[in-house]
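Chain naming follows the written order as A, B, C, D, E, F, G, H, I, J, K and L, and within any one chain the residues start at number 1.
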Amino acid sequence: MNNEKKMHNVLVIHGPSLNMLGLREPNIYGNTRLDDINTELKKLGKTIGICVETFQSNSESAIIGALQKNLEKISGLLINAAAFTHTSIAIRDALLLHTVPIIEVHLSNIYKRESFRHKSLIADIATGQLSGFGVNSYYLGLRAMADILNTPDS
Amino acid sequence: MNNEKKMHNVLVIHGPSLNMLGLREPNIYGNTRLDDINTELKKLGKTIGICVETFQSNSESAIIGALQKNLEKISGLLINAAAFTHTSIAIRDALLLHTVPIIEVHLSNIYKRESFRHKSLIADIATGQLSGFGVNSYYLGLRAMADILNTPDS
Amino acid sequence: MNNEKKMHNVLVIHGPSLNMLGLREPNIYGNTRLDDINTELKKLGKTIGICVETFQSNSESAIIGALQKNLEKISGLLINAAAFTHTSIAIRDALLLHTVPIIEVHLSNIYKRESFRHKSLIADIATGQLSGFGVNSYYLGLRAMADILNTPDS
Amino acid sequence: MNNEKKMHNVLVIHGPSLNMLGLREPNIYGNTRLDDINTELKKLGKTIGICVETFQSNSESAIIGALQKNLEKISGLLINAAAFTHTSIAIRDALLLHTVPIIEVHLSNIYKRESFRHKSLIADIATGQLSGFGVNSYYLGLRAMADILNTPDS
Amino acid sequence: MNNEKKMHNVLVIHGPSLNMLGLREPNIYGNTRLDDINTELKKLGKTIGICVETFQSNSESAIIGALQKNLEKISGLLINAAAFTHTSIAIRDALLLHTVPIIEVHLSNIYKRESFRHKSLIADIATGQLSGFGVNSYYLGLRAMADILNTPDS
Amino acid sequence: MNNEKKMHNVLVIHGPSLNMLGLREPNIYGNTRLDDINTELKKLGKTIGICVETFQSNSESAIIGALQKNLEKISGLLINAAAFTHTSIAIRDALLLHTVPIIEVHLSNIYKRESFRHKSLIADIATGQLSGFGVNSYYLGLRAMADILNTPDS
Amino acid sequence: MNNEKKMHNVLVIHGPSLNMLGLREPNIYGNTRLDDINTELKKLGKTIGICVETFQSNSESAIIGALQKNLEKISGLLINAAAFTHTSIAIRDALLLHTVPIIEVHLSNIYKRESFRHKSLIADIATGQLSGFGVNSYYLGLRAMADILNTPDS
Amino acid sequence: MNNEKKMHNVLVIHGPSLNMLGLREPNIYGNTRLDDINTELKKLGKTIGICVETFQSNSESAIIGALQKNLEKISGLLINAAAFTHTSIAIRDALLLHTVPIIEVHLSNIYKRESFRHKSLIADIATGQLSGFGVNSYYLGLRAMADILNTPDS
Amino acid sequence: MNNEKKMHNVLVIHGPSLNMLGLREPNIYGNTRLDDINTELKKLGKTIGICVETFQSNSESAIIGALQKNLEKISGLLINAAAFTHTSIAIRDALLLHTVPIIEVHLSNIYKRESFRHKSLIADIATGQLSGFGVNSYYLGLRAMADILNTPDS
Amino acid sequence: MNNEKKMHNVLVIHGPSLNMLGLREPNIYGNTRLDDINTELKKLGKTIGICVETFQSNSESAIIGALQKNLEKISGLLINAAAFTHTSIAIRDALLLHTVPIIEVHLSNIYKRESFRHKSLIADIATGQLSGFGVNSYYLGLRAMADILNTPDS
Amino acid sequence: MNNEKKMHNVLVIHGPSLNMLGLREPNIYGNTRLDDINTELKKLGKTIGICVETFQSNSESAIIGALQKNLEKISGLLINAAAFTHTSIAIRDALLLHTVPIIEVHLSNIYKRESFRHKSLIADIATGQLSGFGVNSYYLGLRAMADILNTPDS
Amino acid sequence: MNNEKKMHNVLVIHGPSLNMLGLREPNIYGNTRLDDINTELKKLGKTIGICVETFQSNSESAIIGALQKNLEKISGLLINAAAFTHTSIAIRDALLLHTVPIIEVHLSNIYKRESFRHKSLIADIATGQLSGFGVNSYYLGLRAMADILNTPDS
């Protein structure tokens, strides 16, 4: 939809236990590791004008720290907060420090899981949400970000 | 992510009042009409191995009819049920007749709107959900569908 | 239980997607089609003094129309409103126009399904409810209707 | 309250089963038929500078259609959505396409009825609501509309 | 709708802080003072066969007192209980002493305001309710009262 | 519906106060006593291949005892647990010891009564439920049981 | 309030664990045993024209049995159902077989205790309720019964 | 139960609209006026060692005033707060200033009325509650008070 | 925090039963009377540029009256509405007539008390709230007011 | 943890349907019968200074009776109330007669089952709870009891 | 209020993202940085006899650590737990280790924000709470602490 | 119950503030320190074939880290997550990475405490739960673990 694209910095944040992706039960969760996703995101980013940085932590405070450190350095945020999606008002508050677009992604469809996962503390402050497409949620999310950033007056 | 792609039939369903897109308040909703979206979806479909059919109706029963008529003729369903997302168990039931992947899309972020729009009767039977990316929700949804259909044993 | 029976007109209403019965997954749902049920109901009706008319629609308004058109022409109503059982106050209101006995039937046990199917908007205005006996719910319901209609001062 | 009045087009919408008014149980509901109400509304309209069009349907989609077709053709909407008041987000959405004043009317006092009729999906987007005055709810609603339309900067 | 009208006494009750109408922020609430409304109500009353008495108080007990004092002296009650609408069972009880028609009016649309204003303790014992028409709510309410009182066997 | 029928043992359980049926207020509840129902059930059973045993108690533990004693001796259970339907998890547990079909019956339509009778602790473990047909609920229930037992692979 | 009194039979029912009154922790609960209460009730009964019979059981079914056995033999029921007050719909149903006045008594103030004791399944079918007066609840309740029974047309 | 009784001052408080007792609809509410109740209470008081003072008001603040004025002057409080029972935390707070026994009385059985009357803000700070015995609720309440006051160490 | 201070009029409102402070149970509530608090507030006011007026009432309407009478005469409001905090929408409405800063104070920590005291109808329209500091809540509140009033563009 | 142990009497109570343990579906529930558990408990008791008595009943009143009969005869109670855990306030009340330690045990993990089993009416009056260890729940519970009884000042 | 003051150690805890104060959007949040607040608190502390230590962290565990390390070293705690106020039972538990006064402060009025911020897990264990006074909440809180610490027997 | 036992590695996790056990208020909590518990657990482990490792942290992420690091190295998990039991979905998720038995222990009976401690986010994924036995909860939990691990096909 956009012809001219400039290079944007986008931070991708992975929440707790996502570092274990692909390391256990490959027959169920596939062999894709978090490193593979990160590599793919960076590669995809290059083709759509986005410089991707990634960050994973099991620690709420480390994620808050990463969000604070990147204030005014980034043009967009892609976040899979995992379990923190449903419990961390502190991460919500740190996201609120940012004025750039925020895209919320989930590997699994959170609406098929336990009822305490149906409520996201991020959804209403995000531009958009993707849920249920496996690792593809990240790639589609990055594409969505590119389109938002390249839309003249978004 | 997939090299070899075969041609798939995907039905895109648009719910009530989506026929009015782009016809009112262009300064707010943009100039994109539903026809433009359909044209774009078909064009994008061709490039990723999907033959797109589209259907819009303000009528719950017409949407149910379209879902019944396409049984065993399609490989995937992309649905923006609009207001029916939150009220129609009958559309849910008609979707349940299908065993192909279902992707739920929303133009706006439904979690930023009235609380009665936070509950989707489709979400837990869909493969995945996209919400809040404007017309891009459709295009990303179609890409997600292509990836699902082209994954060997999905 | 009743010795003398006179002929009564009973309208049987089938709600959304019931037209698909027996057409898909016969190993699961059996081979009985809606036509078979209707034929069986008419045959059974003859043996118990009831003239059966049937009507199926995926459209809430068509069902309301059928209910209005039959005002004062029938002696009883047998209704499987399917998904509309839980969402349609309009059908409830159209049923309230009638003063004849109403019997609510369901193929599956609605109490074994999603919680949004546990509440029926028809139950408290029906004479009785049958749920969970498969196609037999219809036949037992028709027998119940015969007994009600043939009870002297019901 | 207003001396100078110009002619305004106002669409009056009647929801499901209102076509049955006056046709059944005249001792309870009176002999006033919907046609009588429509005639009366048109007559009253003429005296207060309003050209009244009326529309009744048992079909949610037909009502949505009527709302869409009249976009930018009318100066005000009077709606008795009957049962759809409580269940139809789709009609709410079609009403939201309009920027003209909307007045919600009910024949009966909905707060004296079943608890599922206490919540209106239209009330918070209407200018005002009248409930419980029988057919007079329509006439008072039309008067209220005239006053709103004739108020200089409403 | 009625040709012959006899003179009726109607008491109009205004709840807390309505004495401040028009005295503050005229650009927002208009210049209409409560006295203007009362004068207008009396004038309108004369033209439709109603002798209007008015009473305002910020005191729940004073309103109860006014209701008790007028027992068997009035033919109808028009009440804008303001904040007491939502909190005073005692006013509800005093209203229940009366058997004449009660009409509940609100200047603003209470369904657009805080959720604790959505529940009225008067609505289910009133004949009807008008909400959201500004000062016109009173005038329409009085007209509604006239029609009720002049209907032969209301 | 079934041509070949073999003889099945079915236990019919009647809950608290059902022993009083027909003994009080015959003008309201009719003259049918529980003994009459039991006799009728046995007679009907013979014609449809079912040997009926009946059991009534006001005691939860006596009903549990009857359920335990009949383990592996019966082919089906027909139960009107009356008040215990809504309060006894212990009877639910005793029913769960059985693997034969369970049919829940109620004389009155429990959805027309107090809200604490709307929830059945048996409904989701029963094959089906009949409610509201008076004593006929039992006879229809027994017919339903016959059909289930005679269906080849139910 | 009444001068002429005739002799009435009143059954007093004591629920579970009330047989332990006065047998444990006399410093807390006092020395009054259930026998003392029963003796006192009979003595008081004689002076106010009531012949008192008493019944205590820890068994729900025994209480139901007592209620059934006394049908049409008594003029009033005084019941302290203790824990069954909050859990037994079956006792409620057995009480509903009676048409005589029912008075509900509680030794302790049930509104000062756990929240699950705040709801009584008997309160809305009783003539009146006394709670919190210790053993005096029984005596006051019996006096209340006498007054009700001696009121000409109660 | 007590042989020696000393004279106690007890204040009886009547809430809003109780001044209307007996003045309207005598065929329904009887002819007993509040004055009659007060006279009867004083007479009864004399026979059981209680000097009764009474107070009625439709005003919450007047009742609070009466409660404050009588601090340390009375030995017990009998209160029928009527509608204020369910809405006035301020009266609850004024009652909490007292350390003497409080007895809550209601003419009607509040559990048979609207659900917003089921919750009393006084019940958990009262010694006991009587509900449903008509005017006798007061007399029984006064007797209960006498017994409490005459119990050695209450 | 502010160097230059001008004189401001601040009204301090005390709700029901606060006139009893220090008059009862001095060992529990201390000996500070409301007069002492008022004296202290005036003295403190002088040192921080605030002219303090105080008002106490047990009457909701008297408080509303005081609020109305002071419109446009004061620069700030300090209110301890006591029990009315949780029940009076009318006081909330009267507070909403003011555009000056409102500070809500409570002697006790309302979050340690009954759950019906956890919700304040004033909190969301106040600038700030102090709860739990005994009489000091007033003095701190007055200091807070001074700082708000002396902040250049608050 | 304790060196010197004295002999204590402990009553073990088994609720409804636990008499069926090991008698049905041994491949699922194992072959352990209730008698085996009782024997094992007595044997284990001897080694840890506890004299074990056991009692099973399907009857709530029989369990209450057993609890009453053993008052002051036992030093501890081990109870698996099965379904009564969630429904019997009467058993809770009978447990409250005891002042000895109470330990609540469950074979299965009640938090993995239906939501109506998540609430225990015993848990908050027990010393401790064990859930989910199969028959071992009993043995661990008995060990826990021994430690509590042998702790000097528990 | 106190003349003689001794020096007290008070720990001030700042929760997540409070380190960003004054660093972003100065036109909205002002230029006050956390360091400025800390300096001001220490300066104010000196004048009122309090030695202030401060601690900020985005990490729940770091805050718990600070609370544990200061056990028995401090005389009071001032805490603005920010987002953790609403989610951290662990910080509540660490606060419960302390027996010194705890004062809860919030910059913004939490009752004006999202509903999930209306519930504080600290409020009911704090001495008092201040909310909505901007940075002044801290200074007022410190003054409140001084008064509490200097009150003879607090 | 098991004769042959092999050595198993079991990780014991202690949540926030459990490191303070025994360090404060020994008269209340006893003198047992966490080190004592750990020593005792290891000693007990040796006697029942379990090699115990222990880990305590106040940090959610450190606990997640410990859970991740021990994947496939342990045969069982004993966890007292303390406050995290009720708030951490992230720890739940990290536990779900494990397929070994999980036993949940609590020192205090969580059902006797604040209602927000009644819900455990671990209970439904644990094998079993022990609550309320003080430090003995750990030892009994370890014994339970031994029995599970030594059961042939658990």
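By definition in this document, a contact is a pair of C-beta atoms (placed from the backbone, for glycine too) under 8 Å apart; a residue touches a chain by one contact, two chains touch by 3 or more.
Being a predicted model, the structure only gives us computed values, none of them experimental.
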Labels of chains that are neighbours to chain B and to chain J: none
Labels of chains that are neighbours to chain E and to chain H: I
Centre-to-centre distance between chain K and chain A (centres being mean Cα positions), rounded to whole Å: 33
Approximate Å spacing (C-alpha centroids) for the pair chain C, chain H: 56
Euclidean distance of C-alpha centroids - chain J vs chain K, Å: 47
Multi-partner residues of chain D (at least 2 other chains): 59-61, 87
In contact (per the touch rule at the top): chain pairs: A-B, A-K, A-L, B-C, B-D, C-D, C-F, D-E, E-H, E-I, F-G, F-J, G-H, G-J, H-I, I-K, J-L, K-L
Residues of chain G that touch chain F when the two form their complex: 59-61, 64-65, 68, 71, 87-90, 92-94, 97, 121
Interface residues, chain J side, partner chain F - complex: 15-17, 19-20, 24, 57-62, 82-84, 86-87, 116-117
Chain F-facing residues of chain C, complex: 1, 109, 111-112, 120, 123-124, 126-133, 136-137, 139-140, 143-144, 147-148
